[in-house]
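As written, the chains take the letters A, B, C, D and E, and residue 1 is the first residue of each chain.
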Amino acid sequence: MAGFIARRVLLVLPSLLGLLVVTFLLIRTVPADPAVALAGDNATPEQIEAIRRQYGLDQPLLVQFGRYLAGVARLDFGASQFSGRPVAADIAQRLPATLELTFAALLIGAGLGIPLGVVAAMNHNRWPDFLLRILSVGGIAIAAFWLAIMLQLLFAMQLGWLPLRGQLSVGLTPPGGPTGFLLLDSLLHGRLDILGDALRHLVLPAVTLSVGGLATIARFTRAGVLDTLQKDFVLYERAVGFPRRRMVWIYVLRNSVVATVSQIGLLFGSLIAGAVVVEAIYDWPGIGSYTVQAILTADAKVMLAVTLLVGVIYAAVNILTDLALALIDPRIREGR
Amino acid sequence: MTVPALAITGLRVGIRSDEGMARILDHIAFSIAPGCILGVVGESGCGKSTLIRTILGILPPAAEIVAGSILFEGEDLRAFSEAELNRAVRGSRIGFVPQDPYLALNPLFTIGAQLLEVMRWHAPGERRSHSTRLVELLRRVQLPDPEAALARYPHQFSGGQRQRLLIAAALACSPRLVIADEPTTALDVTTQQQILRLLRELVDELGIAMLFVTHDLGVVAELCDEVSVIYAGQTVESGPTAAMLDRPLHPYTRALLACHPDRSEGFTGIPGAVPSPLRAPPGCRFAPRCAGARPACTGRSPAPQWPEPGRSVDCILYEAKAAA
Amino acid sequence: MLVLRKFLRDIPAVIGAVIILFVVILALFGPWIAPYPEDASASHLLRRLKPPSAAYPFGTDNLGRDILSRVILGARGALKVALVVVGLAMAIGVPLGLLAGYERGVLAEAIMRVTDVFLALPQLILALALAQLLGPSVESAMLALTLTYWPFFTRIVHAETQRLRNALFIDALQGIGAGTPRILLLHILPNILSPIIVRATIGLGFTILVAAVLGFLGMGATPPDPDWGLAVAQSRTYLPNAWWFATFPGLAILIAVLGFNLLGDGLRDLVDPRLRRSR
Amino acid sequence: MQITRRQGGALAMASLLAARGVRAATPGVLVRSDSPPANLDPHQLFDVPMMGYALNAYDGLYRYENNPPELQPWLAEGHTASADGLEWEFRLRPEVRFHDGAPLTAEDVVYSFRRVLALGKAPASAFLGILKPENVTAPDARTVRFRLERAYGPFLAAIPIVAIVNSRLVRANEKDGDHGAAWLAGNEAGSGAYAFVPGSLTTLERLDMARFEGHFLGWSDNPSPVPRIAVRAAKETSTGVLGLLNGSIDWTDSYLPTDQVEQIQGSRVAQVAKDVSMRTFIIRMNNARAPFTSLNLRKAMAHAFNYDGFIQEILKGYADRNAGPIPNQLWGAPKDAPGYAYDLDKARHFLKLAQAEGFNPRQQIRIHIQSQLEQTNQAAQLFQSDLQSIGVNLRIVADTWANIVSATAKPETSPDMWIHWVSTYFVDPENWVGQMYDSRFHGTWKASSFYRNEKVDALLQRARGLVAQAERAPLYEEATRQVMADCADIWVYNTVELRGLARRLSGYRFCPAGGGAEMRWLQMKG
Amino acid sequence: MTPILEVQDLSVSLGGRRRWLGRSIPPVQAVRGVSLAVAPGEVLGIVGESGCGKTTLGRTILGLQRESGGEILLDGKRVSGLAPQAARRVRNSIHYVHQDAGAALDPWWSIGRTLEEALAIQGIGDRPARVAEVLAAVGLDAGAARRYPHELSGGQLRRVALARILALRPRVVILDEPTSGLDMSVQAMVLTLLRDLRVRYGLTYLFISHDLSVVRRFCDRVAIMYLGRVVELAPTAEVFAAPRHPYTRSLLEAAPRLTGRRAAEAAPLAGEPPSAARLPPGCAFAPRCARSSAACRAEDPALALRDGAEVACHHPLERAMA
């Protein structure tokens, strides 16, 4: 298994390099000039020129890319051209928030989507199926930020059950280190008050982010279960009087989730796009809003780093997906 | 006389389709005594699998039993609720050996997990004692290395081994009847021979009854004590194997035997095709293909006749003989 | 006929078909249906942000335009974005997936690596670059969406083709000397339609929504286009007061996407030969 | 009950919150929902979020206070300037201490100015051409001397831009000759009324500040100052407004959409502060490229914008018509210049003249808007709708700030038209007419009209070289009149800044420079 | 008389992948040194249990699988050593009928289109007439052309599969398990049809099957395969009357017969064939063979002519035995 992971990691490297090249070229074709922003609103043309020189923006593309790669090889992603702060530090600070949010959303999506998919499939072409299909498809179609604001109005304003925005109440200070993940850190520090507060803050954003994925997961699960129900072993299991509930929820489901698991891998890939809106509305201090900021300010260093990050996450999730599939299916485990 | 393990009379099963209710099984009748193997022979589409699903109570949603009785050790299975069937009949008092050992086992679970699950469900008790019993059974069905087998996955066994596993599973809860659905069609001849021999031994040893569904007359000849021939959802002839192979009564049985390469030098077939049960002809369903058909054959279904002790035949020819 | 009857029994799919039909009618005849067709570009300062009333059933927007009219007029654009993006993504992704799934060796490997690169490419960053290169417009947003969506098709088609590559009927075709293009286009493609349809219908909704986000970031649809996504994005400034401004265009998106997805699911069940067998 | 008059379920829901809101407030902490700066170093950035931070964490030699703004001595007690305007001396206040307790000396001031110049970023703009680092000196511990390369009228006006940093602290954290830029980007070395709480920063999202007891001004004038400030950026307006209504946010940015004002005013926990600012709203025209090389066309456009409609209906009156480039209340703005009025007949008239010169009305004119700023979009759409009625084809291009300002580097790439505000960075006409219409600034976004008039260039050049306001004012007025006559751009309004404030706050002071972000005057109940 | 098809010392290895990093998968020797010659008009049966390499042999002769060693001669001309597409071009007088006729048809295509397609691929004109002719030849009515595979019965599908290649006018037809999965009544008709077609179109058959009773009645000669090797090759009557190879005998005895139970007869062959990936040294059948000796486990016997039959065994059964 270690060999399998090592092999996959090595295979990923060329793709990541390709990703960097593509992104670098793309971003450098953008005429937006960070020097203008750095020089401020009262800049003189001479000042802009000087800043451009200072940041090496007047160098040939190849030189710039070479320098950048040399930095990346040392895990130095440079400084943001907009804020001057080291990109790696900013990302390290924000990534845990996004991962926590995404993971929570995925948990909700899978936790609800898989059962809904199973129930729909078990009632194929009957009312529960119809209803669940319409509801789950509605999840894909709902505009996330509209839903977000409605949830805010209901749960934060009207009912007052959950906080409106943010990751933590103003009075509380994150416990700090060692992982950077708020939930994990507060647990490690034994700060259950912070954990509880952070969880309360997590609910609305995670639910909002989960609806799209939930629908996708439900659909693929439904298709998978329908497919599995056609299999001979299901007939056999019925013929020998398998306990029905266990048959469906354990024996059939495990065979059906293969496609779903691959879909979850792909869902993770579109993390940034989905997180943008949700992070903006709930003021979640994550990667999504950081990316938007970088795009609006044409901050090449940040965009490159984010791209690379998404690439790495994508690759990691793919490897994890393969591992998950190997866990589910012994035949894959044996490399057949 | 002992109570038959299974006695089916006048069974009729209908299925709802766009064109209304169709009889996919129609006046099926046979019985099996304990310690006896009954071969149910029929060509594809004759309703063999519907018959099995009817007995086990796992018909598809669109199908239902319209008439007849299924007496299992004297109890009418039709009176059982779904929960009772699931708990006390399927997999416990009636064992099942499926057709295709390659597909019938869930590929993602170990043999032990799957088989013990069934055993625990039907016979609550110690996990340890279940697995001890299962290992014993696996040894009995001559599966190599039975202890290790429980921790292995289906794909790690050959077809023959998997069929042995499934036979062991069918016997796990000490059934009184085992239904075997063409259990050797997916196997090679040498393996088939081994399995058939094993089944015979087990039936003789345990005194259980077996319903052996097949299309292969050769297999029937080798294995079964009694035969019941089904055509297009109707029982056409039943009786002891040897007698039936020697002197088939029904024109269909005769034609079928004549097709067998061991019997005929040329290649004779039966003209026409098995009708779809959804569009079965009226009267005797074999009439359109029968060389000796008379106008009366299409008028009504023939009533069963007993021209010899232990043999029944559903053909108008014998009605005439009986009348005469 | 049997197919049609089966389809009609699938109530969600029928609902989906009705919705799509409705949307298509709006797209084709919107200017004749909308009560205030001039509100595509006009502005009426004196009736800004009015709540729904008899005259303006969906209320008015930030420039006093009838939201109902703009929702009706927006159908065309929404349909265009969704269909063009998914169509183009399929046109790129499906052939590549077929090729990579059928052939073995360097070419297949190269296609899949490139696919991975594009799958990992953040949509927003690509959209920005394209908006700059080609000028910010719906067209560049559509291109950006296309470029990030085709790999989904490649992945699925690749996996399905690999599965089918060893099917007996493909073997038989090779046996009678059929060439690769024939096998891929005439035989494999129709047989893998069902996952493609699922992916495409998911894509339709996804596209409309992401296009809205792009529009808001200045890389997509441009005012005064009666674009649903843009309206939803613009309404943010006025929430929670002017709830109607976000709600009705949002509902329009929801219903249209719902329509596509329900129809897609229905079609999928219909063309899936495995499901075709059952019942 | 103002709220119940409004229809709509969402509002009813939101309004129910007012009562709960009181409980949502955090005792002893003021929660700001405007954005913290991207970087904490006041010498690297100079924008609205930075001012919102630096005005509290740092002090300058002088500071703008009140509205209209007055330049007040701050760390300096006063200054002297030579008659030729080249030599400036500032006398420092005694006993000023930084947050770490170190005393302020002239050396800190010298270091701060030299550092600004060496970094060369936004805060350096006003000084780069006129001040060499070696010419900032400290004759003694309480005196700082500047020797300018040439006389520069706005010099004093720009002095508040430079925050004075604790030089020992920053020097101690210099690395590879970066002037401590990396360190200060995430730390603080100031003397201001509030001190940054270390470890509380998430860039662009959150930071905390605590009151600095030892601030040189003392706190005797403020009986209940705010003990702690939590900056928690709310990126969506709706979140900020909802937070204000439920009491979890005490202070929003000062750009509340006018459509939100009524609802907030009706709330029991919050209100809106409305202050006339010096922030002009402008529709730019690219004078250097056809078709806007035509004065007649520019005039036609200027007459086609519905100023009153925009201000009264869309902005609900929360803006003042500002017919020229300089904010009305600032000196240098010609009081008598009439400007352009909304008059479609006149617009048609000038359009005909422009057509006679060769303008083809079918030609599409592209106006770039900043999509995140809804108002630019509304203005463009309103404009588009009027222009359509006189037969001009305006196409709106949604765009980003970064993209537009990059495009404005050259007249060929600069948009036909675009919309933006000009904020107050230093209170001097130079901030507006000087940097916008002097051709030496071509290549910066502020000069993106590419207006060129040698007479104006000369007037502005002269005004820049003088020190006395009385001498400079007529020159700026004349230049402004000329620019207006040439109809270089379409000047729309001067902003009324709208800031949501919790009712538990009082003592709010607004100043156009810094937008009221200085917190030391605020008093807080609970 | 030149054999129409000749195979000399043919070997085929399947699978086997060298992976970059990680374990490589060794190839499986599916066919090991098989030599056969088929005379024009002959029906040569190839019999063996699953995994014995009979299907691989057929696919290799057809050209879909590339051989790893040995020669294939068609009309005495060498046609081996080619990549699949090229191989199919030079061997287009050989055609193949799949075991699962239904799965060998594209479910999306009507029968008529499928048949016409075969002609189109081969560039043959006058398609409707040719399609009508072959449909008639295999005993299907013209209406079948409009139907889809899932609407047809197993027997009908076999006919369609035959029609499809008959349209291409083959000379050698490889029939892969042409009767498996068919009911007895249908099987007989398919065999009758095959016999008629052979006469009518002058075909030569390579008849791959595991069904001994069918082979016995249909084939002129039989080759028995075990784990990639031909272990016995002789005229059909000889093989059934007096099998020489112990495996052949076991196979014959295992086949169920209508004559009824033979409980007392020789015990069934024990165990199952070893995996082709892990062949024992020497004779592959030795571990299951009652007659095996040290020599069997040391040396793999070659196929040699003994008393008119070719047998690969160190201890063949005597003629008189059976």
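Assume contacts are C-beta pairs under 8 Å (C-beta built on N, C-alpha and C of every residue); 3 or more make two chains touch, one makes a residue touch a chain.
This one's a predicted model, so the numbers in the text were calculated from it and none came from an experiment.
Under the touch definition stated at the top, chain A and chain E share these contacting partners: B, C. Among all pairs of chains, A-D has the largest number of C-beta pairs in contact. Chain A and chain B, compared by their mean Cα positions, are separated by 54 Å.
The geometric centre of chain B is 32 Å away from that of chain E, both derived from CA atoms. Centroids of chain B and chain D (each the mean of its C-alpha atoms) stand 89 Å apart. Annotation for chain C: residues 128, 132, 217-218, 236, 239-240, 277, 279 touch two or more other chains.
For chain D, the set of residues that touch two or more other chains comprises 10, 13-14, 236, 238, 242, 372, 400, 403.
Every residue of chain D that touches chain A in the complex is listed here, in rising order: 10, 13-14, 16-17, 20, 24, 26, 29, 31, 38-39, 41, 44-47, 120-126, 128-129, 181-182, 185-186, 199-200, 202-206, 230, 232-236, 238-239, 242-243, 245-246, 248, 372, 400-403, 405-407, 409, 413, 422-423, 425-426, 431, 435, 440-446.
In the complex of the two chains, the chain C residues touching chain A come out as 9-12, 15, 113-114, 116-126, 128-129, 132-133, 152, 155, 198, 202, 205-206, 209-210, 212-213, 217-218, 229, 232, 236, 239-240, 246-247, 250, 253-258, 261-262, 265, 268-269, 274-275, 277-279. Of all residues in chain B, those touching chain E in their complex are 43-45, 158-161, 188-194, 196-197, 200, 215-219, 221-223, 241-242, 245, 255-257, 259-270, 273-274.
Within the complex, the chain A residues that touch chain B are 231-233, 235-244, 246, 251, 254-255, 328-331, 336. Contact residues on chain E toward chain B in their complex (touch as defined above): 49-50, 153-155, 183-189, 191-192, 195, 210, 212-214, 216-217, 250-251, 253-263, 268-270, 272.
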